[in-house]
Amino acid sequence: MEIQELLEQVKAGTLSIEEAKQYLRKEPFEELGYAKLDTHRKLRTGHAEVIYCEGKSTEHFLEIFTHLYRENGEVFGTRASKEQYLAAKERFPQTVYDETSRIIRIEKNDKPHMGKIVVCSAGTADIFVAEEAALTAEYFGNYVERIYDIGVCGIHRMLANLDAIQSANCIVAVAGMEGALASVLGGLVDKPVIAVPTSVGYGASFHGVSALLTMINSCANGVAVVNIDNGYGAGYMASQINRLVGEQHE
Amino acid sequence: MEIQELLEQVKAGTLSIEEAKQYLRKEPFEELGYAKLDTHRKLRTGHAEVIYCEGKSTEHFLEIFTHLYRENGEVFGTRASKEQYLAAKERFPQTVYDETSRIIRIEKNDKPHMGKIVVCSAGTADIFVAEEAALTAEYFGNYVERIYDIGVCGIHRMLANLDAIQSANCIVAVAGMEGALASVLGGLVDKPVIAVPTSVGYGASFHGVSALLTMINSCANGVAVVNIDNGYGAGYMASQINRLVGEQHE
Amino acid sequence: MEIQELLEQVKAGTLSIEEAKQYLRKEPFEELGYAKLDTHRKLRTGHAEVIYCEGKSTEHFLEIFTHLYRENGEVFGTRASKEQYLAAKERFPQTVYDETSRIIRIEKNDKPHMGKIVVCSAGTADIFVAEEAALTAEYFGNYVERIYDIGVCGIHRMLANLDAIQSANCIVAVAGMEGALASVLGGLVDKPVIAVPTSVGYGASFHGVSALLTMINSCANGVAVVNIDNGYGAGYMASQINRLVGEQHE
Amino acid sequence: MEIQELLEQVKAGTLSIEEAKQYLRKEPFEELGYAKLDTHRKLRTGHAEVIYCEGKSTEHFLEIFTHLYRENGEVFGTRASKEQYLAAKERFPQTVYDETSRIIRIEKNDKPHMGKIVVCSAGTADIFVAEEAALTAEYFGNYVERIYDIGVCGIHRMLANLDAIQSANCIVAVAGMEGALASVLGGLVDKPVIAVPTSVGYGASFHGVSALLTMINSCANGVAVVNIDNGYGAGYMASQINRLVGEQHE
Amino acid sequence: MEIQELLEQVKAGTLSIEEAKQYLRKEPFEELGYAKLDTHRKLRTGHAEVIYCEGKSTEHFLEIFTHLYRENGEVFGTRASKEQYLAAKERFPQTVYDETSRIIRIEKNDKPHMGKIVVCSAGTADIFVAEEAALTAEYFGNYVERIYDIGVCGIHRMLANLDAIQSANCIVAVAGMEGALASVLGGLVDKPVIAVPTSVGYGASFHGVSALLTMINSCANGVAVVNIDNGYGAGYMASQINRLVGEQHE
Amino acid sequence: MEIQELLEQVKAGTLSIEEAKQYLRKEPFEELGYAKLDTHRKLRTGHAEVIYCEGKSTEHFLEIFTHLYRENGEVFGTRASKEQYLAAKERFPQTVYDETSRIIRIEKNDKPHMGKIVVCSAGTADIFVAEEAALTAEYFGNYVERIYDIGVCGIHRMLANLDAIQSANCIVAVAGMEGALASVLGGLVDKPVIAVPTSVGYGASFHGVSALLTMINSCANGVAVVNIDNGYGAGYMASQINRLVGEQHE
Amino acid sequence: MEIQELLEQVKAGTLSIEEAKQYLRKEPFEELGYAKLDTHRKLRTGHAEVIYCEGKSTEHFLEIFTHLYRENGEVFGTRASKEQYLAAKERFPQTVYDETSRIIRIEKNDKPHMGKIVVCSAGTADIFVAEEAALTAEYFGNYVERIYDIGVCGIHRMLANLDAIQSANCIVAVAGMEGALASVLGGLVDKPVIAVPTSVGYGASFHGVSALLTMINSCANGVAVVNIDNGYGAGYMASQINRLVGEQHE
Amino acid sequence: MEIQELLEQVKAGTLSIEEAKQYLRKEPFEELGYAKLDTHRKLRTGHAEVIYCEGKSTEHFLEIFTHLYRENGEVFGTRASKEQYLAAKERFPQTVYDETSRIIRIEKNDKPHMGKIVVCSAGTADIFVAEEAALTAEYFGNYVERIYDIGVCGIHRMLANLDAIQSANCIVAVAGMEGALASVLGGLVDKPVIAVPTSVGYGASFHGVSALLTMINSCANGVAVVNIDNGYGAGYMASQINRLVGEQHE
């Protein structure tokens, strides 16, 4: 341990105070930085980094996939291509690929799933994002209930599922086009709603901008928004919120 | 009457066919133009032009106001200032001014109001636009029911008024911020919904752009949109639609 | 029938009032929701849901297509691919596909077409959207007249068709580029104009944004706008308006 | 109680099953709607509605303020003007007004404050929004720690406060200009970060759009965003998250 | 001739004045419209319509191409594909295709070219638009001088060609990226400058928006702008201006 | 004259060729620059610079105004304030100020006005820009005819003035809101149309952007666009075009 | 000095190694942070922080102004109001205020000014930003030459000043409207050009966006851009660049 | 040499002063232009023009490549395709192609590399731009250190490399998504930071606009920005800055 050594050498007189000062001025960043935060991440989440597969060459992807799997006994990647999946499957036949969400993973079987997150989608076309959120939250150890195709142009479908929605610790609301789902949900529940605009739509939906603006301007309290199509980000944040319920209050 | 005269002169031989042709090539536009359409407008709607008061000097406004009132026995202006109102009131004490919608008018008392238009607003802040729509539709002889403050973040308020909404021939949906009202209404009724985005909101509402995009991207069928804060336009179009019900089918 | 049973059991004393209250608090949403509105839709329009084909897998598409056709004896889909058409044709040889509008359908032969809707296009390049509007309105039982290629840069072409346009209950105005068609039409008719901006154009047309803004800012009264390229939405709303003429006034 | 009565009358035979069915089809919305959700809101949060003061006339404001204070023994308003404050103070001398955040309130003294929320601001100019978030969260019964002026162009200031930040259940990150605070914080903590872009800046900050985009595109996990300058929304959502810690896990 | 006949019948008494009035109210539009303007176009320009080839099927294109060629002895099309060219060439071996500008044409050999238009481009990448402008202007009978690659980041290249530029009746300035060419030229000549922004560039050039804004905001007098990549429009307008020089002053 | 002197000294041998080369490498810019172009401007236009008054202090304005008047015997300023006018009037009682266009000027009485420019406006609200164009063109010696309030929502008004419009050498089309005037005019005339979008409108007109886009995307040939509200720029360019008619063809 | 003390105590045995480790893990950030960087800043620039005066209350401003002046013997503030100036002047009569740039300062008289920075402006309206850049650079000890009103619509004015411009180590190019100055300069010099878009202009200049895009898309090499109207930022960066010339090469 | 000859002829009397004046009025531009600046460029940078390969045909590319290589003994191209590379390699086997940055080059081996530029990237996905910057700067004779993947969501990685970063004369900061890297770096160094937004990201990153806005709004001093993905531009400007250190101070 470096600081330990340094201080011991100062105490023993084998390192001058000037030299120690010079060293300390730079070192703590490095020490804090890489080492401390990395350990921190493992300690608090119980799993390693997630792979953002898009744009990675198959070899590069496979190398990281293998490395993370060997280290953690499980591995999770978003926006994977079919080609990446086939490469992974060849090496690890237990690899699972979800074509809808494009998530690739090897997941431990015995993982407990705590609390409850509800992932809602406005339409069936939004499910590719909703599944990214749901599978992410499940991978991070949360219990997830999916309620899809409850868009606001048929409000009765949402109302029919109100009990299930209201029982969650956190709701993920996934919607494209006009993206009004989050506002309506926000007015019906007393738990945080993570809104995910999707690129579903055409014309003046501007690849998700319309839904994004709707959600950011929500008149309902308790709605916050992540990037367009960012199911992973919503699943991750929902996990952070849901897991708070299981922690001790300080 | 000019065309009458021309034809009579042709018949009488006092105008050559060549001269008549020359004349007809240009004239009908003018004749059609100003005269014909104006008369047409009166015949079909029963009232004259409406005054867009904004930006008009008080003298200019008063002159038009007086002219139209004298011609039609009633007069209607949008976006009037208080100063314009005081000037009109001095001359015509029966002038009525609505501070919320900034509509100024002298209206005949015995006008029948046909059919039914429902004007809904999402919030109380949108009422200045909703009232412009409602008063416009009333001025054009429609029966109007107002249902305000039924925004989607409290969906129960809308549901509680569903019967009234569903009984209209046409619904005007006025909303700012995320503007989701039109979509939800569109899914609950089988009549045309005229959506009016308002400039109500702040930040990423961009003075009504967010609501406009939401409404244009509505996943519900039967929703069409007018300009931001354009209550007059919505009231006018709703009137056109509502009055179809009373007309004969060809 | 569920509510019937519940009330009968309450009357018979086999269900306590407390239990019935508990049940009613949740159920009506579900009952209202799915069941009621669906039936309602059938009752009022005489046809089932329409398929938005884009992005659906051929199998998924074919399943819905078959289901809806079997239930209603006719079926209608927008934005269908040629591959989807071939799959449908193989199973139902009577399937009709319009390459211009990409509409796929099996339509009953003896359907009456009421009232009159005029669908106008500014240019020939806009016809793919205009046909989507026209075929939609026809499928919903309206009589449709098409008047294409009457853009404002040759205003005489529009004026030459004025009689036909003025005889409609509702006009659909389809235009890309600068999209001025709707404004000019709005000034020439006294019926509602549904404006459809199209993505036709290049450069600063921004895939339809220019036409959308033009139409939203129309100086003519009685113009409302749907999404870029949304011929279906315009045809649907025009149908709602046109059908009002045939309904009884309450 | 209405449903109780209805069922009793069905049981007693004074109301036919048909009549009861007719009634139930409509009523539950109203019952659910207004009544149920309102009660629900009180039960779960312990306080009534908040007043959005902007744009309300002083009389209107004062009426609502008085009504809510009388009902709940405390009252809270955002974006209040000085004039509104003076009117409230005249009637209720215990009214408190914070000039920075423009929050007006009468707050119970003995309210417990649970958990821990940290509200950070990038600069001193963002404090007007940060204080809106902090005072909101405090009003809703949360313990709040403020850490201001730790913007990313002096990253050492943030690092110096890392211990305090990492001890929160939820972090509110308030920043204008380039809005990078949320990303950097998101990478340093394992708790949800609610990002609030502010309108602070000039030129290409576009009144907060730059900060909004930065936050929405955050490369850090666990960041979600509310509207520009929406301190209230962030405080409300942080409260929802923080309070989860104190609730029972189902 | 219709009006002739009508008037003769009025004169002869075989058509009543009432009937003639009814007829005249509608007819002149049609007569004016199609017939008059078409003839007008031919009379004033000496050539028929131009084909905008993009998006037209090869058969459709070929039909129009053949029709116009047969009628006028020459034909001109913009944005033609190679496939369209090959189809035209097979039927008319004298067809000429310019790969850079994608202009297809059969042009009369003995056409005089009057006045002088200078077409400038900022870079070599802008030449595809500049050639569209130049060939268009030549087809319409103007003498054109091309001066390419004189962008403002090497201002000496423009200055070296100043004499040639200043001798034109009209200058077409074609530029992408920052599009500053038009402003600099506008300050150096006393003739109208038609500015054409191009889609050349990347990143924040936004496919020509940057150049468009630059040109619209030109601090130089005498600069007006056409759409992004609209070489044809610039060539057409330059032709209108240049040809004024040869006309008689009224 | 400097170059004269330099060459004379070289000839006389009082300046070495090396020194002369050194001098010539730099000087011509200066010589060309300030001096030559200024003279050029006077020679070709017959009048001096125009003052853009906005943002100039009254003293600064008055100094320039006086200087230009003394040099040229006339002077012309755009966007002048009333305060600037009063200052100018005190010194030069013959100063004329037009409140609508905010143009200030002292103009020679005996100036001939050549050719013909027609300035059209869509509405009465656009006249402040149309007058800037008209007065500018008149100041530069052109004959101008004004045709106002002929917007496309009443197309008959434009048609009624067609003869006058078609007789111009150049048309200036001034319109706000949806800005369709230029396209319709462009289809009816064979002379260049300079389109001026105005900031007239509200909501999605975005202070003139809607009209600007409409005009830039005009489907009519022969339309080019200047900046929003830039009446001066349109008047200047129209003058350049109109004056070509009076020049000799080279 | 804290680290010194800590190490001395470790050496002396009065602080245990464990305690020292605990302290060092947190402290260095603080120590590095506030203290070290501040000292660092002083060491390298020879002057303290600059005050961004906008939005600061007069008392708050005066406190900071006084504090910084007392510490450094000079003080510099941007975007100061006249009221702030009067307050400062009352306390420190030697305070200087520049109305154009709104810079307030007390500056040491004997400061050397090294190297050479040229600050150019396109028009006289841009000088308020150019002066902010120039005065900033001078305050930071650079020699500055101002060359104003050399916009590209009169390119000769720029060429006439080429020698002066080419002799600088760094050029600041300040321009609004179309902002082409930076590109033209970038093509004429071989030194870095810092481009500052200004909000000068109207209509489609969008308060500086047009100039910003022009500059970002510059076809010339060696141009980088700061925020709209950010003269201070440009002056600061130019200072960093210019001062490199005086430093030792490693 | 032309001017030499001209002056000699004037001296010898074989050219009249009038003729010489006529000649000088035009010629110097050409002479200055092409010749002088070209020579200048060579003299000051030691290398010829760089090829922007995108959009160039392979033959055209190869011709320029060969020409520049033969003239300078080295050659450098950006955005080259693999096909262009293969063509170049066939002729010049020593051609080097970097697939990441798409830079093609033949570089002299013995080139000295002066000073120090640090090129940082936020993520691994940004390296394609960072390498373009780094290779450009190296080609222009600068010593470059690469520090990649130090994005702000893991701030410790940046802090760990602070010494290396702080030792540069100029820093290039390359980042997509939220682009906060430049601001954080700007606060940690006292040297100019050239910020390069990249198109890396999705959704509301708008192909680099989000990062561009972040960087333009940087709260840190000493940050200026180039176009999205413009690694070449950043490398060029960094070279200009770094090379100042080695120049003499005037």
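To keep things simple, chains are lettered A, B, C, D, E, F, G and H as they appear, and every chain counts its residues starting from 1.
Heads up, the rule we're going with is that contacts are C-beta pairs under 8 Å (C-beta built on N, C-alpha and C of every residue); 3 or more make two chains touch, one makes a residue touch a chain.
This is a predicted model, so every value here is computed, not measured.
Colleague: By mean C-alpha position, what chain is farthest away from subunit A?
Modeller: Checked the centroid distances; the maximum from subunit A is F.
Colleague: How big is the gap, in whole Å, between where the Cα atoms of subunit B centre and where those of subunit H centre?
Modeller: 59
Colleague: In whole angstrom, how far does the Cα centroid of subunit E sit from the Cα centroid of subunit G?
Modeller: Distance between chain centres, rounded to whole Å: 49 Å.
Colleague: I'd like to verify one number: the distance from the centre of subunit E to the centre of subunit H, where each centre is the average of its C-alpha atoms, in whole angstrom.
Modeller: Computed value for the inter-centroid distance: 39 Å.
Colleague: Which subunit H residues reach two or more other chains?
Modeller: In subunit H, residues 29, 32, 36-37, 154-155, 159, 203-205, 209, 212, 216-218, 221, 227 touch at least two other chains, as defined above.
Colleague: Touching pairs of chains, all of them, please.
Modeller: A-B, A-C, A-D, A-G, A-H, B-C, B-D, B-E, B-F, C-D, C-E, C-F, D-G, D-H, E-F, E-G, E-H, F-G, F-H, G-H
Colleague: Sort out for me which residues of subunit H touch subunit F in the complex.
Modeller: Subunit H residues touching subunit F: 3-4, 7-8, 10-11, 13, 17, 20-21, 24-25, 28-29, 32, 36.
Colleague: What part of subunit H is in contact with subunit A in the complex they form?
Modeller: Touching subunit A: residues 125, 154-157, 159-160, 162-163, 202-205 of subunit H.
Colleague: Please name which positions on subunit B make contact with subunit A in the complex.
Modeller: Touching subunit A: residues 122-123, 151-155, 159, 177-180, 183-184, 186-188, 201, 203-206, 209-211, 213-221 of subunit B.
Colleague: Can you check the complex and tell me which residues of subunit F touch subunit E?
Modeller: 37, 40-41, 44-45, 114-116, 167, 169, 188, 190-192, 194-195, 212, 216-218, 221-227, 233-234, 236-237, 240-241, 244-247, 249-250
Colleague: Per the contact definition, I'd like the list of subunit A residues that touch subunit H in the complex.
Modeller: Residues 26, 29-30, 32-34, 36-37, 55, 197, 199, 207-209, 212, 227-230 of subunit A touch subunit H in their complex.
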